[in-house]
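Across the two complexes that follow, chain A remains constant while its partner is chain B and subsequently chain C.
Moving on, here comes the complex of A and B:
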């Protein structure tokens, strides 16, 4: 059945999602840099009237980078990796081709409306689940369509065994479906009362229960959007770019099933010392520590894939991106469990150490992985070599420095603030008023804003490099096998 | 077994789903009924307070303010009695937040006045000179959405049996009754304010967002 001639894969949807990855990446990071700057320079809150305050823009930032940049990146790579590892072109099925187009356009329009709705203040005010119910309905629809194209492709596959990346894409699909549905269970008030805003809804859960469901969602949205599919990406692109086989099948097996089982328990570490029962808190804490095993399992598997080929680090910036991403993944998945230890959490919770942790993960691991995948796909999808190696190098060092500045400044800020909140004088009275603990953070907020600006600049370099690759770079006669050609 | 699963996507997916689903079942379900129970004497939000909560949600105050006092001496000294699960029984959604760029607000009603809030929301640095919080001047001109707040109260009463319209409790009644009650509540707050536009609006029968928000802030105690 399988001929020796290489299959001609259909990259049209890959290209579309590549464009939105770049578009949403830029927007998300631009707003991120703006709101980081607002904390250091509050005058910047008034650029857009009521739509420009930190509080209004913060969910816009998080939603664009999660549901815009990251999801686009996940789907750009999925339509690429899916076709190639299943050895089937999506063009072979007319139905799937149409569905994949519908997937993209519904997503793109839905995402734009979602962003505008948040700017206008239609918000359920649950973190990372801010979209109000009409947008939620669209999200569910998009998700179902992705399910159809994914399982459709799997249904017509030539390669019978699912490659590791596909395990993770499937897990991403199932995990987000379950979490998103349950966390967004809400009753539209207009449908019950017949008056008021059509957009408005109330959560099905109240108080402590709502908090539990929310952080079961919130933590695992991170798992199934920022970890699971990103592992899918790196499991495909690192071996491909380096020409090395994945180090250990057994380790990938252990890490995958381990991650699936352990991750879901850890959500309650967001609620330590809150009003949820003690046993849940302890459970969340313990499983967070256990989570180091499967997380490091994947990361070590990636790093050891480079065994004997470390010299590639010196001459291929793409390998540099991917290896550093894996390393940041290790850092982040060690830092998280440390913060989940109850006594550490008592200081860390509510402070800037938390956004610090999030950003060494998303900037260092997620964004690096997605950008390197986009770089790797470009010569294959657009049949041109990468425009500039030296721009890639510049981007790499600029962004790496930015990430380091970001998390170090936030570590210091977070621990400083956490310690000041609890500091008492010799009589046992609180030593600092709240505002003292804000004023002391201004220098760190300034450093963080600078880090954001550097990362954004790196992303603009990336965008320019991709643009030139797509439009002006040297044409390729033949698809490169491993290492991506670059000028 | 794993090799077999990898060739059978359907069973593979079922396997993954079972493995990821059961943590949620074990952690969330057992305590569900108990965690929904209110503390003794807890009253549901009035329509004006709900309208204020909507302003709080719309401008996403949880980005910087928590509503959860942890059981540490340093927190109870600063903010008051630590938070109890039953105090949140009528909070849909919960608004604990996850970051304190500003202070906790769970008991802010105990120690801040209408006057303080008015000055603070107009220009935070006028009362806290080093504050980095933005001013929310648009709350003084935007009109609060009482219809939607009523719809919310009506919905939680109908669907979740939140105890409105009971003896000695919060009266909800019809939309028109609720509007009258909200305006009466708003007038009490506006009387303590100095912004003339706000006062005029309330006299006209309109309730600016700031009034609703202050009603909600006072409720937090």
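Moving on, here comes the complex of A and C:
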């Protein structure tokens, strides 16, 4: 066994997940930009036959960015933050080292098969849960292996108390496990009744129940994949990069339980004015509004962590990324509850305001946090300084402008669309047909496509900067304690 | 009473119960700090001093070192 003096954190799996974060980030955003362009320029639907249509590519985009980019980012940071805050190297356990490698490779192969299956048109037809049952089985296996490595690492820890980030990683693990299992309860028709393809399955729930379970899943997938683990990331990386302790640790605990308590009840706001019981719709609205409290609790805690150190915002682009991410988190968690108010929802539902809301969250909050975490980890994992500060600045401003263009264009588009759908003339007849709205929205779709292109360009700059950091940047003699060195 | 009505009542009372728990937790946090039983803010340092050679904020008595060194904690 090794002695403490020779002990080092083992970043091999961190590196592997870093590569897949970048790979899936690029692919997901590329497809996202393509399908955004297809809405503005429909001819682009016919580039690749059936494989290039909007309907085929849309689930490919969402699945790659959620389960490719975001999950890889979550796991890259988990294997980093987990080791460091538990003060134990994964290399101290042969079993956990092997399991972490199995975790990565099974995930990578599974993700590739998943993407191909969606491209070929295999789909369970549930939003964000499109994978057919054989892939679901692999997903469950990957998840269990993550649980083994996470709780295994916790089991051999030197630090008795679990840092707040780990609470959030554990919540992500448990939350997704529960959601994924229940929403994917399905019957493989070929095996049960000898009907249809071996791949095919139907949901175990029917009608309104199916819709309720689906949106309980869908909304909480946002909670436990796009919120909880991203808070885990920022609770470690912002304090560490700035050298400032979290403003209030008690507030972090409190907003954790607040979030856990409230989030799970809000999903029914996706079904306002649908056939679910009225009290359940009202409950979804109320809980969505209460959700502002724990969300802002975390975000304000992050911003106050920078108290007295705001000068870092001007001279460290990494702090800029993370502070802006916290701000977008605040924006997004205020916008969501507003959309969940019944009377607002009457206009917002099914309009482009919804993808607008999703994207100020994912582009501004999720992706900014993950990219800044990758930047912070690179000098420690690869022992080289960040290749270019000026490229980081360029990327920051390009992508920030892109996010603003994206959500503002979709706000205008969504509200215009909502108002046109419900506009009636003096006799009570609808004033516009669907195609009238499409014609009006086209300029905004073009702006959105441009925003996507700008964000993608920023991501390519990020990829280049990371590649040069890993391969060609100046070597570091010592691991930096707080601020990441950059040229 | 219909099952749906029951569900709604159950939801309401369950929510009230959980609100009590949450507020109870806030009181617990502040009270145990005031009594000097626990200093929650020190745990923020776990992220800052996270070298493998740094002393833990609270050492885990069942640490891996203990298992290796026959019951002795390696300080």
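Throughout what follows, the second predicted complex is superposed on the first by the 479 of 487 C-alpha atoms of A that agree within 3 Å, B and C clash if a C-alpha of one lies under 4 Å from a C-alpha of the other, contacts with A are read in each partner's own complex, and residues count from 1 in each chain.
Everything below uses one rule, namely that a contact is a pair of C-beta atoms (placed from the backbone, for glycine too) under 8 Å apart; a residue touches a chain by one contact, two chains touch by 3 or more.
All values derive from a computational prediction rather than experimental measurement.
In the superposition on chain A, contact of A:371 is made with neither chain B nor chain C.
In the superposed model, A:246 makes contact with chain C only, not with chain B. When the two structures are aligned on the shared chain, A:111 is found in touch with neither chain B nor chain C.
Judged by the touch definition given at the top, the superposed model places A:8 against chain C, while chain B stays out of reach. In the overlay built on the shared chain, the residue A:283 is in contact with chain B and with chain C.
Once the two complexes are laid over each other on the shared chain, residue contacts for A:211 go to chain B alone; chain C is not touched.
For chain A, the partner with contacts to more residues, out of chain B and chain C, is B. By the touch criterion defined above, A:257 lies against chain B and chain C together after alignment on the C-alpha atoms of chain A.
Of the two partner chains, chain B and chain C are each touched by A:160. By the touch criterion defined above, A:438 lies against chain B but remains apart from chain C after alignment on the C-alpha atoms of chain A.
Within chain A, the residues touched by chain B in the first complex and by chain C in the second are 160-161, 253, 257, 261, 265, 277, 283. The part of chain A that touches chain C in the complex is made up of residues 1, 4, 7-9, 84-85, 87-89, 92-93, 156-161, 163-165, 235-236, 239-240, 243, 245-246, 248-250, 253-254, 257-258, 261, 265, 277, 279, 283, 479, 482.
Residues 2-3, 6-7, 9, 12-13, 16-17, 19-24, 27-28, 31-32, 35-36, 54, 56-64, 66, 68, 70-72, 74-75, 77-78, 83-103, 128, 130-136, 138, 142, 145, 147-152, 154-156, 158-160, 175 of chain B are the ones that touch chain A when the two sit in their complex. Within the complex formed with chain B, the residues of chain A that make contact are 38-39, 42, 45-46, 49-50, 53-56, 58-59, 121-127, 130, 151, 154, 160-162, 167, 170-171, 174-175, 178, 182, 187, 189-190, 192-197, 200, 202-214, 216, 253, 257, 260-261, 263-265, 267-268, 270, 273-277, 280, 283-284, 346, 349-352, 354-355, 421-424, 429-430, 434-435, 438-439, 442. On chain C, the positions that touch chain A within their shared complex are 4, 7-8, 11, 15, 18, 22, 25-26, 29-30, 33, 40-48, 50-54, 56-61, 63-65, 68, 74.
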